[in-house]
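A, B, C and D are the chain letters, set down in written order, and residue numbers restart from 1 in every chain.
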Amino acid sequence: MNTTELQSRLRAFSAERDWDQFHTPKNLASALSVEAAELLELFQWLTPEQSQSLCADPEFATRLGEEVADVLLYLLRLADVAGLDLNAVVERKLKLNAEKYPAELARGHARKLDARKDQP
Amino acid sequence: MNTTELQSRLRAFSAERDWDQFHTPKNLASALSVEAAELLELFQWLTPEQSQSLCADPEFATRLGEEVADVLLYLLRLADVAGLDLNAVVERKLKLNAEKYPAELARGHARKLDARKDQP
Amino acid sequence: MNTTELQSRLRAFSAERDWDQFHTPKNLASALSVEAAELLELFQWLTPEQSQSLCADPEFATRLGEEVADVLLYLLRLADVAGLDLNAVVERKLKLNAEKYPAELARGHARKLDARKDQP
Amino acid sequence: MNTTELQSRLRAFSAERDWDQFHTPKNLASALSVEAAELLELFQWLTPEQSQSLCADPEFATRLGEEVADVLLYLLRLADVAGLDLNAVVERKLKLNAEKYPAELARGHARKLDARKDQP
């Protein structure tokens, strides 16, 4: 996926509609959160097993794909507006995660070395 | 950004920690929503102007980058577990957005052609 | 629970700290969403069964209580700032829900009569 | 507002529809988060000023009231299912907040005494 090119397309899409005035980092963070919740809504009453098996259903997969795309597009737009280097922040976070969750200690349970938060 | 390769790395990271048992689509959708809210938290009390100017602050940008990366990594992991073709869903959504928000009609305001939702 | 009295206390709490400037409806809606996600975070990796049994654990119940209170307090504050009559909006919504989900049709499954959304 | 009586009505509403199977604490926490995001969606593209003035618009207030009610009803249901004493958790949290944000120190800015989080 060419995220740089996607960001250019989103920039043009916004400019053509005179939407830059709405696309503050704060508003885009809200929109991202709203879209993530719309994605979660698809799963909210499902059992874990149903959440897996339904992904093989074409109709469900189509709806899920739309929500996944919405989240990704707002995230790319926010990163662009905020001037972030996506590759750099991702590599940095992967390194932090490897330090926080050493494989030998984190195996099969969901705890950070140092913290309050369950996070597999 | 090579999202396919990132998904492979996340797959290995999870397997090494025996975390696949936690990574149901439903749980990953929850985690994604939680991370999106952590990103929003950075902006919640800021004015629109502060949300823009703070992105130039290195300390703020570092924290923002971590949250952006968290959202992206869970999104990639969810798309992988759900068997979605990320490029396909993104292209499909961009096409839908172009139909829903024709440039000449959407200019400078935030309404879909057909719907309840404000969305620039 | 005396929600009117709670709203008065929250109003005074905010005024004493000169926080009314931050408490726009938009900001309070963001804060509410962030707190709801912190509540969700407690459950994100749990099985349905664990999510039930853990509520009997005093330490977990204390953390859950804090998040529930945070959500409730921001909701009361938002309703106050927005000038809503909480009792009226709740009674109206209960009536709408009874119409949307007639008991004889909604039994054991999670669909509205008319809509896209799974919602028990 | 008689929250205990509301919880009884929600309990009956769920039982009549055989929905208790869906109402695990985890699922209700997801639903709460989804509803909080629907509330946020109403504000996502608004300026702070618009978010205040629109609350005086009857149509907007009606939609806002529905979302506020949805959040409150899921919160009451979750507290009931989890066996929480709402009054107790609220009083405890108000006490904690008064300690974390002493009026003389918190005046006009949004920082806890001890923490990373901006929170008026």
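As a convention for this text, a contact is a pair of C-beta atoms (placed from the backbone, for glycine too) under 8 Å apart; a residue touches a chain by one contact, two chains touch by 3 or more.
Keep in mind the model is a prediction, meaning the values are calculated, not measured.
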If I superpose the C-alpha trace of chain B onto chain D, what rotation angle comes out, expressed in steps of 5 degrees from 0 to 180? 180
Same or different, please, for the chain A to chain D contact, judged on whether over half of the interface numbers appear on both copies. same
Can you check how far apart chain A and chain C are, centre to centre, with Cα atoms defining each centre and the answer in Å? 24
If you average the CA atoms of chain C and of chain D, how far apart do the two points sit, in angstrom? 3
Shared interface positions of chain D, touching two or more other chains: 22, 27, 30-31, 33, 36-37, 40-45, 48, 110, 119-120
What residues of chain A sit close enough to touch chain C in their complex? 30, 33, 37, 41-42, 44-48, 110, 117-120
Given the complex with chain D, which residues does chain C contribute to the contact? 1-4, 6, 9, 13-14, 16-19, 21-27, 29-33, 35-37, 39-40, 42-43, 46, 48, 51-52, 54-56, 61, 64-66, 68-73, 75, 78-79, 81-84, 86-90, 92-94, 96-98, 101, 103, 106-108, 110, 119-120
Chain C residues touching chain B - in the complex, by the definition given at the top: 22, 27, 30-31, 33-34, 36-38, 40-41, 43-45
